[in-house]
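Chain naming follows the written order as A, B, C, D and E, and within any one chain the residues start at number 1.
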Amino acid sequence: MTEPELKRSRKAGLPPGTAVHIGERRAEAMVITRYSYGAQSFDEHPQVTVDQCAFPVGLERTTWVSIQGLHQVDELQRLATGYGLHPLVVEDIVNTHQRPKVEDYGDYLFIVLKALYPEGDNYEELVAEQVSLVLGKNFVLSFQEGPQDAFVHVRERLRNGKGRLRSSGSDYLAYTLIDAVVDHYFPILERVGEDIEQLEDRLVADPGPDTLPTLHRLKRAMIVLRRSVWPVRELVAHLERGESSLVKQSTLVYLRDVYDHTIQVIEATETLRDMLAGMLDIYLSSLSNRLNETMKVLAIIATLFIPLTFLAGVYGMNFKYMPELSWPWGYPAVLGIMAVVAGCMLWFFRRKKWL
Amino acid sequence: MTEPELKRSRKAGLPPGTAVHIGERRAEAMVITRYSYGAQSFDEHPQVTVDQCAFPVGLERTTWVSIQGLHQVDELQRLATGYGLHPLVVEDIVNTHQRPKVEDYGDYLFIVLKALYPEGDNYEELVAEQVSLVLGKNFVLSFQEGPQDAFVHVRERLRNGKGRLRSSGSDYLAYTLIDAVVDHYFPILERVGEDIEQLEDRLVADPGPDTLPTLHRLKRAMIVLRRSVWPVRELVAHLERGESSLVKQSTLVYLRDVYDHTIQVIEATETLRDMLAGMLDIYLSSLSNRLNETMKVLAIIATLFIPLTFLAGVYGMNFKYMPELSWPWGYPAVLGIMAVVAGCMLWFFRRKKWL
Amino acid sequence: MTEPELKRSRKAGLPPGTAVHIGERRAEAMVITRYSYGAQSFDEHPQVTVDQCAFPVGLERTTWVSIQGLHQVDELQRLATGYGLHPLVVEDIVNTHQRPKVEDYGDYLFIVLKALYPEGDNYEELVAEQVSLVLGKNFVLSFQEGPQDAFVHVRERLRNGKGRLRSSGSDYLAYTLIDAVVDHYFPILERVGEDIEQLEDRLVADPGPDTLPTLHRLKRAMIVLRRSVWPVRELVAHLERGESSLVKQSTLVYLRDVYDHTIQVIEATETLRDMLAGMLDIYLSSLSNRLNETMKVLAIIATLFIPLTFLAGVYGMNFKYMPELSWPWGYPAVLGIMAVVAGCMLWFFRRKKWL
Amino acid sequence: MTEPELKRSRKAGLPPGTAVHIGERRAEAMVITRYSYGAQSFDEHPQVTVDQCAFPVGLERTTWVSIQGLHQVDELQRLATGYGLHPLVVEDIVNTHQRPKVEDYGDYLFIVLKALYPEGDNYEELVAEQVSLVLGKNFVLSFQEGPQDAFVHVRERLRNGKGRLRSSGSDYLAYTLIDAVVDHYFPILERVGEDIEQLEDRLVADPGPDTLPTLHRLKRAMIVLRRSVWPVRELVAHLERGESSLVKQSTLVYLRDVYDHTIQVIEATETLRDMLAGMLDIYLSSLSNRLNETMKVLAIIATLFIPLTFLAGVYGMNFKYMPELSWPWGYPAVLGIMAVVAGCMLWFFRRKKWL
Amino acid sequence: MTEPELKRSRKAGLPPGTAVHIGERRAEAMVITRYSYGAQSFDEHPQVTVDQCAFPVGLERTTWVSIQGLHQVDELQRLATGYGLHPLVVEDIVNTHQRPKVEDYGDYLFIVLKALYPEGDNYEELVAEQVSLVLGKNFVLSFQEGPQDAFVHVRERLRNGKGRLRSSGSDYLAYTLIDAVVDHYFPILERVGEDIEQLEDRLVADPGPDTLPTLHRLKRAMIVLRRSVWPVRELVAHLERGESSLVKQSTLVYLRDVYDHTIQVIEATETLRDMLAGMLDIYLSSLSNRLNETMKVLAIIATLFIPLTFLAGVYGMNFKYMPELSWPWGYPAVLGIMAVVAGCMLWFFRRKKWL
């Protein structure tokens, strides 16, 4: 896997603000859903077109336009023009290699996040999908790369009308969406943590040659996680400082809560990294231990039999005058000597704690 | 042991402020004790119900409501409503995976700490229990996860009426509780420190294959400690800055004292971590040393006997014309040559400092 | 390759402001191109002389003087005098061992960047060429070391007249040039990233003795990259703060975009460095693994045959009274014993998981 | 040696401000010396009692009360009450596990330092004794743990009346005492530095198994040093900022001098730590080198003689039809072949640079 | 080489401001040169006495008193008194173990630098000599330890009258002297860089046991360099901030230039340190590689011949009933079997890529 942010060269040389979709071209069509709600009412318009998402008037209702799929750049640009977005914002939405950030354009805030999904069921390979949010006075636009939806629970809560969501404005919706993305990190951390523990158990019980690549893959998953989460911390801290008039005072305490969650994710990530670093030490010393083990077996066998073989060799010599050869007790005597030598050796090994 | 803060997924998708008890569900019932005291008087009401803990009136007496056991969320929520706590505070109290922090809600301060207990008698496995404090003008609420009580000495001092405790207000009580949690770290550090020293002695005397996992466990205990203490430093520093009107001027000097203790714990933790890091080096080099030792024994025996065996082999050949075989002194001469070769080898080994 | 900034001694002892060209003396003549444009018009004057580059009058048109080749110091000095540049600026332009920086001289900003090119096709050896920019009210001077041109796309866009470039002032041109240099880092990162991945695959499949030097070369390429990019971050951040009146408000948002790109390059660089650091661990443990493998083969063979050879040696002794020798079944019996011993050994190896 | 700051549990559960002497209970009685001096006069009262140390009146003379030995807590408390010290100050004086710090109590400054002494003559084991200073308008109290006196030279200079000491106030005396403690670090650094160099020489010449523990002990001495000095830097920087009215303007330049000395000690400590870290690398690679050496000797002998032994074995076979055996030149021919084989092997070893 | 700043104990116990020359007592006499110049005139007075260096009057001319050799402390003190220097300044000048710093005494600035010289021609052993400057309104005093002169080029430029030097004031002279010291680091870096590259080539081609000590020596040279340069950065940054009225506005841009050079030196130093750290990895893995190589040769020879020797041993047994022995084709058959076994082994080795 080449790191995604390296793959930008397709775009080099174009003027800034040129929106070119960079990212894996997911085949599905762009899906736009429009939600429009107030304290009393709630409308959901699935599968609308760009023309049905005109700039909302009136502050009493909040509009959420959820866009999934980013490759129809022309459509996106029409939408953006309707909402008065800066060309650089559209460029950043479709070029999905941004790092999480928040940018204040006065009339609206532009927020970039990374939602993490496992590659299929494999939590050692994490896919980071870009989630872009545009928070205006009475609307939120959300842009997701593919069909995987980090906002399932938010849509549900909007429909149910439980909690503060419907009665609060667009800033609370934006908070809810950010929270949904951050909350998504916890099960991933949990699963990666379990993988790490399993690996640790295997490392102690039976370290094979495949443990190191697994270790490495987990390390890299940690890097992806870390890179997705660290900037979110700054982002939320920025929002929480309450510098933008778009974020109401009452929402700040919720942002502090997201901030706490982000810190928790970061600490857990650092802990897992520490554990992975420690496991490399264990692996290397286990390699060393096994070499020691092998060498001991070899040393014991060789040290035991080499002197005996020498003795046998001596009495295999063909000299004419070797008085021992004709002694009747010569053979048993030599066997006896051999047994004594072997005994001494075994005693020596035991003293060395090799046996 | 999966890191606790990874286990949050049970809650994902719920609106914020939803209080769900996350943590190991300890079976015991919730125990509420209410203390109410002033300079002259002191009342202790053990095993009260939530209804008996109404918001206290009047500033001349201080009320401390101590709650042990967090799984009866409904009761807690009723209590919190009575004291006017924000829903997020209740959520943070029952979700026991917060990191230590202080949050200023104007009328009250919300403080989260981690009390550390050994897993049974095993100081290599530390259990971090969440202790939440709510400090109001004339009351303190304390929430503990289980029956293990970090506040035993505080209750005693309240009953005895010694020291400044009864004559000071709620902020001094909060300080006393924080101090109790921090003071609790010292015996743990002491015990872990002793374990580390024992391990170190064993490492030098007789390093076995079980030393590394022990080392690893101790390292992780250090991580738990570190993660519990570091944020306490910021927390106390925040309180000590005296920004909240809830903390009186005269209490600040005591908070500075807690701050000093926190720094001492952190420094001791860092020192123990340094020692553990150094022990890994010692372990690896001791492995290397033992391999060297094994190889030397093998090399000495093999190098000594292989040439002799060759000599014996030569005179074991069956050539018809081997004049040495019929010499009368052939056999003793060969034995002599063998002795000389062996002597040279031994001299060589001695020069190499192998013997 | 000696690090370039070490090679300054040629100049030691000269008074400051003495412009001496330090750098590899590239043979080609100095090529000056002058562009002069406004919203409506555009003129390109290739291959002009210094005298044709007089200080431009009037603010309605922007002049860009692009200089390639720096060894004709006298000519450069004449040009600099015409534009009123400080002697230290000229010194920094021709002494191409500056680190990226921005300096505010009131009337003009002096900006130093590093453009990276591969040494031929070899992306493991990066050449850092200095690009100096002087941004005035209505002009930009750009100085490049050699014929390799980081500004090809900018020249093209000027000629085409697409985008905001012609209708914006000199500060937008300076931004475009900085952006061109930074955008240039992405394909290099991509290629280096691919090299690293190939190396990683080779490391797992078949680690040879040449992998380490390659690893080392890549590491050093990362250092060059890092050193070229890190200061650019500060540089752009400085410009973006909008302290200089030469940079218009409307250009700041574009500078923020360059800043984001710089951060992306830095993060990718750090990730690649992490990967390289991890690969060294893999390499070392793979060396250890192979030693283990070799020793196992040796141990198996030696341990299997040494006892058997001893047995054969025993019955090769020439004692007169060795009853076994004359037993009719002696020979097959010994062969059988040998087979049993070998079988035991093989069973032992299998239990040790050596086979 | 358990780290001193871990040993606090003896005190857990007591109210704050309870003075309990924690530290090794040194047997000697408490020795109080009172100095009282002005520009013209000087009185020394050795071995006075607490009652003879009443709070001094008048600003024209400076009083220094030097206390050695801290276990008579009651006496100390009486003294402290006489000088109006806060209970926490007395607690910190007798609990000798504080880290260096300065605390401003308005009327007086409370300063904690660590004086380092070698354990006997062994500079690898450093003992850190707490030195507490209380600086008032016209007095200084100094508290030392035991009979080892870091202030010998200060007492001497007071008696001699040389330098500015007598004519300056209590702040200059406090500076002099701090300076004396810091100056004391230099000979220790010098001695530890010499030990490290000796170890380094031994490491290169003849690395034994005891070098690693020595290395480790020196490392720990460095940690003790580092922990004693680092906070002194902050402490002096705090004093030098001149925020307290107790420190006169003219003394600040002298505090800057102490600050410089502290930085020198820190830098030297860091350098020694770097050297120790490098020595571990040398030690490990020297182990590796010696293993290589051993294995080469084994490989040379085994590789040389194993093929020859095989040859001898072939002609030791008892086949009836082995024509070579009856050739008259068979024996010398085989010896010749053996010599050739051995020669080839030796040539091979030389080419491999093993010989 | 003991680190110089450890050697201070000779002075311990003396009152502050006592000037004692600490440093290697260089034998040569103190050489004082006095320069006095204005825009039009220039006088050089070599070998003057202290009395000929009275405090200069009038601001139209600048006086530079250059002192080489510091052991005549009395003379220095007389000079210092003439110029009104603080006793601590004189102490710092003669105690040559200061770290680079700048101190503002109102009427004059006191600047300490470190000039680096190679020990003879050996760039692996750097000698750091202290250069102290005192910058007053119309004078500069410079103090150097020995006869090695970092200011040769400055003296030359003064005599020639080229550049701004003569027409600018004392602050520009001070800048020029600082610049001379910093410029001196470049050739040293260049030479050390070359040494490092040579070592690197040797490490890959033929790593011997002496490479590690060389590596270590170079590392320590880097530490000396680093410690001499890092504080200079702060020093120059301090001067550049223009807080002192002694430094004119027009000189600030030149100080910024020195600052840039300092950063270049620091970056080059860090790069060389990175290279040295990487070389240790290469060295250790090369040791590992060579062990692998040795073990392979041993394993091949032993594995090849041990089974064959066993076969020969079998037919060397003296059993009466061994039918194979009397077969006419027994001997060639056994030789054939041996050849087959050897062939199999060689095929096995080739598959393992050992050959």
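Following the convention adopted for this analysis, a residue touches a chain if its C-beta (ideal position, glycine included) is under 8 Å from a C-beta of that chain, and two chains touch if they have at least 3 such contacts.
Bear in mind that the values here come from a model prediction, so they are computed numbers and not experimental data.
Asks: Check every other chain and keep only those touching both chain D and chain E; list them.
Replies: The common neighbours do not exist; no chain touches both.
Asks: Between copies chain A and chain D, what's the superposition rotation on C-alpha atoms, in steps of 5 degrees?
Replies: 145
Asks: In whole angstrom, what separates the CA-based centres of chain A and chain E?
Replies: Spacing between the chain centres: roughly 42 Å.
Asks: Distance from the CA centroid of chain C to that of chain E, rounded to the nearest Å?
Replies: 26
Asks: Which positions in chain A are in touch with at least two other chains?
Replies: 284, 288, 291, 295, 298, 302, 306, 309, 313, 316-318, 322
Asks: Please report the chains around the ring in sequence, anchored at chain A, with chain C in second place.
Replies: Once chain A is placed first and chain C next, the ring gives A, C, E, D, B.
Asks: Taking the touch rule as given, give the residues of chain D at its contact with chain B in the complex, in rising order.
Replies: Listed in rising order, the residues are 1-3, 5-9, 12-18, 86, 88, 92, 97-99, 101, 103, 105, 209, 212-213, 216, 219-220, 223, 227, 280, 283-284, 287-288, 290-291, 293-295, 297-298, 301-302, 305-306, 308-309, 312-313, 315-318, 322, 324-326, 328, 330-331, 334-335.
Asks: Applying the document's contact rule, which stretches of chain E touch chain C when the two form their complex?
Replies: Against chain C, chain E makes touches at 152-153, 156-157, 162-165, 176, 179, 183-184, 186-187, 189-190, 193-194, 197, 204, 253-254, 256-257, 260, 263-264, 267-268, 271-272, 274-275, 278, 281-282, 284-285, 288-289, 291-292, 295-296, 298-299, 302-303, 306-307, 309-310, 313-314, 316-322, 352, 354.
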